Structure formats: C-alpha cells, structure tokens
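Just below sit the structures, each encoded as structure tokens.
The two complexes that follow have chain A in common; it is paired with chain B in the first and with chain C in the second.
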Partner chain A sequence: MIKTILIISMAFLTFAIFVTIYRLVKGPSASDRIQALDVLGINIISGVAIFSVFLRNTGFFEVILLIGILSFIGTIAFARFIERGVVIERRKQSD
Partner chain B sequence: MTEMLKILFAVMILFGALLSILSAIGIVRLPDVYTRNHAVSKSATLGVLSILLGTFLYFWIIEGYMNFRVILGFVFLFMTSPVSGHLISRAAYNSKVPLWEKSARDDLKDKEKLAKENMSQ
Partner chain C sequence: MKTNDLILQTATKITVFIILAYSLNLFFAGHNTPGGGFIGGLISAAAIVLFLLAFDMKTVKKALPFDFKKVAALGLLIAALTGMGSFLFNVPFLSHTFGYFDLPIFGETELATAVLFDTGVYLVVVGVTLTIIQTIGEDDD
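Right, the complex of A and B next:
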C-alpha cells in the first residue's frame, strides 16, 4: 500500500520535472530559465526524500541538505549576474 | 495502528507531490515571469516542506530513527526559497522583462520616475 502511494508520488514528481524542463527550454527570458532551474532543484530534493522512504535507507539525508544549499547559491549567483553583470563585485578604487 | 500511521505519512508525501505538480502546471500555463514566480515559489516550497515532514515523521515514528538533518533541510528551504524567488523577480524587473500586457498597473515604474525627477531637481 505505502509502496504504491510512493510510486504514484514519484510518477507525479517525474511529470513535474518534465514540465519544468519544457519551461527551461522554451522560456523567453533568462529569468524564466533561472526560475525553472530553481524549481528543478526543489523537485529533485523531493525525489530524493521519497526515494529514501521507498528504500527505507537513511543515507541520503545529507544529499537533501546539500542540494538545497547548492541550488540556493546557484540561484543567487545567476540573479546577481543578470541584475548587475558581475557575480562578485570588485572593491571600488578610491579616486 | 502502525499501518494507519504509515498510510498517513504516505498521504502527506502524496500531498507534497500533488502540490509540486500544481506548481508545474502553473509554470506552464501562466503568462509572464512574475505570475510564474508567484505560482512556483509558494506551491513548490509547500510541497517540498510537506514531503520532508512526511519523511522525517516516517523515519522517526515507524523506524524509530531520529535524524535532524531533514529538519535542518526543512528550515533551510523554508528560509531560502522565498528569498530566491524575490531575487529572481527583482532581477527580471531590473533587466526590463515586460509585464503581461493585461496587467493593470505598475507602481514601481512610477516610483522610479519620481525618484529620477527628484534627483534632477
């Protein structure tokens, strides 16, 4: 019973990931693509959590935390790049 | 009793998957960047929070194994996901991605114009 529900949830998540990949390919502006990548990371976190329940294995919990942190840092870097043109700004020289 | 609790946690996970599929429908159907951002940054966050809570409760109550890394991931996602949504939306506005043509008003544009006039005076 629980395995059936978990498999159904995995199927839903797979559908959501494919639909997000459609937006990633098509998206008219760069912000759409960054948004799609962010959602993709969140969906992958959900997939890892469901898979660890499915396998009854607690070894994947670090992966959840790690993907969350990496996805957040990547999103911030891309957003800064779009907004200002650089990711890490140089210190302003005194004139 | 244990079987009931198992089913309850599985339904929690199923609810999270349904919310993420809802956000996927939102990201395809909605017209511009800002509405898509609105749809995604709320429902996908709630979906993954529900899934993580279900996972944590499953391993705690059924397996008797308590792991705070999942709770740490829960809190981290709850804090950072709206922030990244805000940053993406602001980057989209500042790089002049157009709004949906049927959107009623753009208060931020007037504010920028007003600030520029005050600067020039």
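Right, the complex of A and C next:
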C-alpha cells in the first residue's frame, strides 16, 4: 500500500521536475532560469525524502539538509551576479 | 545607485550559525553515520562563502583574520603528527586506537584517535577552499 503511494508521488514529482526543466531550457531571461534551478533543488529534496522512505533508510537525511543549503547559496550567488556584476565585492560600496 | 542588502545580511547573520552547527554535527557524526571531515569542511567553507556573499571581502577578513593557507598547512601538520604518534607506541604508521572514557556531561563516550586525523582533513579542506575563493575574488579586473 505505502509503496504504491510512494511510487505515485514519485511519478508526480518527476512530472513536476520535467515541467521545471522545460522552464529552465525555454526561459526567456536569466532570472527565469535561476528560479527554475531553485525550484529544481527543492523538488530534488522531496525526491530524496520520498526515496529514503522507500528504502527505509535514515542515511539520506543529511543529503536533504545539504541540498537545501547549497541551493540557497547558489541562488544568492547567481542573484548577486545579475544585480551587481560581481559575486564577491572587494570593499564596502561607498554610498 | 545606493543598494541595500538589509534582508540578505540579517538572514545571513542567523543562517551562518545554523550552517556552522550543521557542519560540526557532520564532522563529529562521521564515525557512525554519513559525514566526516571532508563534507564538514566543505559545509563550513560554504557558511563562510555565504558570509562573503552577503558582506564584502574586507569585512570578512576583519571578522575572520586567518591566513587560510596557514590553516591548510596546520591541518596537514595535524594529520601527519597523528600518523607519527603511533611510532611512540611501537605500532605501524597511522595505527588508530580508541577507548571508553567517563566525560562530565556525555557519560561514557567512545573516543577514537581517528577524530584527530579527521580534524586535519577538516582544516585542510576549509583552508584550500577558502584560499581558492579568496584568490579568485581578489582578482583585479
């Protein structure tokens, strides 16, 4: 029973990931692509969670937190690059 | 144009400590569960990278006045000395041992010398990653 539910939810999740990839390929501007990458990271988190329930294994819980942190930092770095042109500033911006 | 990163900087001040705590958890949990020195070092480097993204190079250098090349060297030294420490007990290079000790808060705990070696790995990973990022970030365009 629970296996069927997990497989069905995994199928829906795969569909969501494919739709996100469509936006990633097609997206007219860079911001669309970055948002698609962020959503893709969150979908992968839920995929890992479903998979670890499927395998009855707690060894993947670290991966969930890890993808969350890395996706957050990556999105911020891309956003900085679009807004400022540099990722890491050398000194405080004089106002 | 005057820019304002108030939301990013406030969120970073809280998130950096959560990420550092998670990296320490991964580091100490590496013996019995997934984790260890390598991934712990990478995650704490990621915390400092988030700090670099929200603020700027000068502020972070003032807040963390380490020469990260020396941190990597210190890590290598710790790893090598842990390996050589086994010579004092007439056993082969890099032999490890463990024992059970009564600690004040934790009760009976298993302490292994592999943690010392892992500390070396952790420091090398943090040092190398941040040296690469700071060297690239300081490039004059």
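The rule is short, and it goes like this: the second predicted complex is superposed on the first by the 91 of 95 C-alpha atoms of A that agree within 3 Å, B and C clash if a C-alpha of one lies under 4 Å from a C-alpha of the other, contacts with A are read in each partner's own complex, and residues count from 1 in each chain.
Here is the rule we go by: contacts are C-beta pairs under 8 Å (C-beta built on N, C-alpha and C of every residue); 3 or more make two chains touch, one makes a residue touch a chain.
The structure presented is a predicted model; accordingly, all values stated were derived computationally and were not measured.
In the superposition on chain A, contact is made by A:Val87 with chain C only, not with chain B. In the superposition on chain A, A:Leu65 makes contact with both chain B and chain C.
More residues of chain A are touched by B (comparison of chain B with chain C). In the superposed pair of complexes, A:Ile76 makes contact with chain B and with chain C alike. Overlap of the chain B and chain C contact sets on chain A: residues 62, 65, 69, 72, 76, 80, 83. Contact residues of chain A toward chain C in the complex are 59, 62, 65-66, 69-70, 72-73, 76-77, 80, 83-84, 87-93, 95.
Interface residues of chain A facing chain B in the complex, by the touch rule stated above, are 1-2, 5-6, 8-10, 12-13, 15-17, 19-20, 22-23, 29-32, 34-36, 38-39, 42-43, 45-46, 49-50, 52-53, 56, 58, 61-62, 64-65, 68-69, 71-72, 75-76, 79-80, 82-83.
Touching chain A in their complex are the following residues of chain C: 2-3, 8, 15, 19, 22, 26, 33-35, 39, 43, 46, 49-50, 52-54, 56-59, 133, 137-138. The touching residues of chain B, when paired with chain A in their complex, are 3, 6-7, 9-11, 13-14, 16-18, 20-21, 23-25, 27-28, 33, 36-37, 40, 44-45, 47-48, 51-52, 54-55, 58-59, 63, 65, 67, 69-70, 72-73, 76-77, 80-81, 83-85, 87-92, 94-95, 97.
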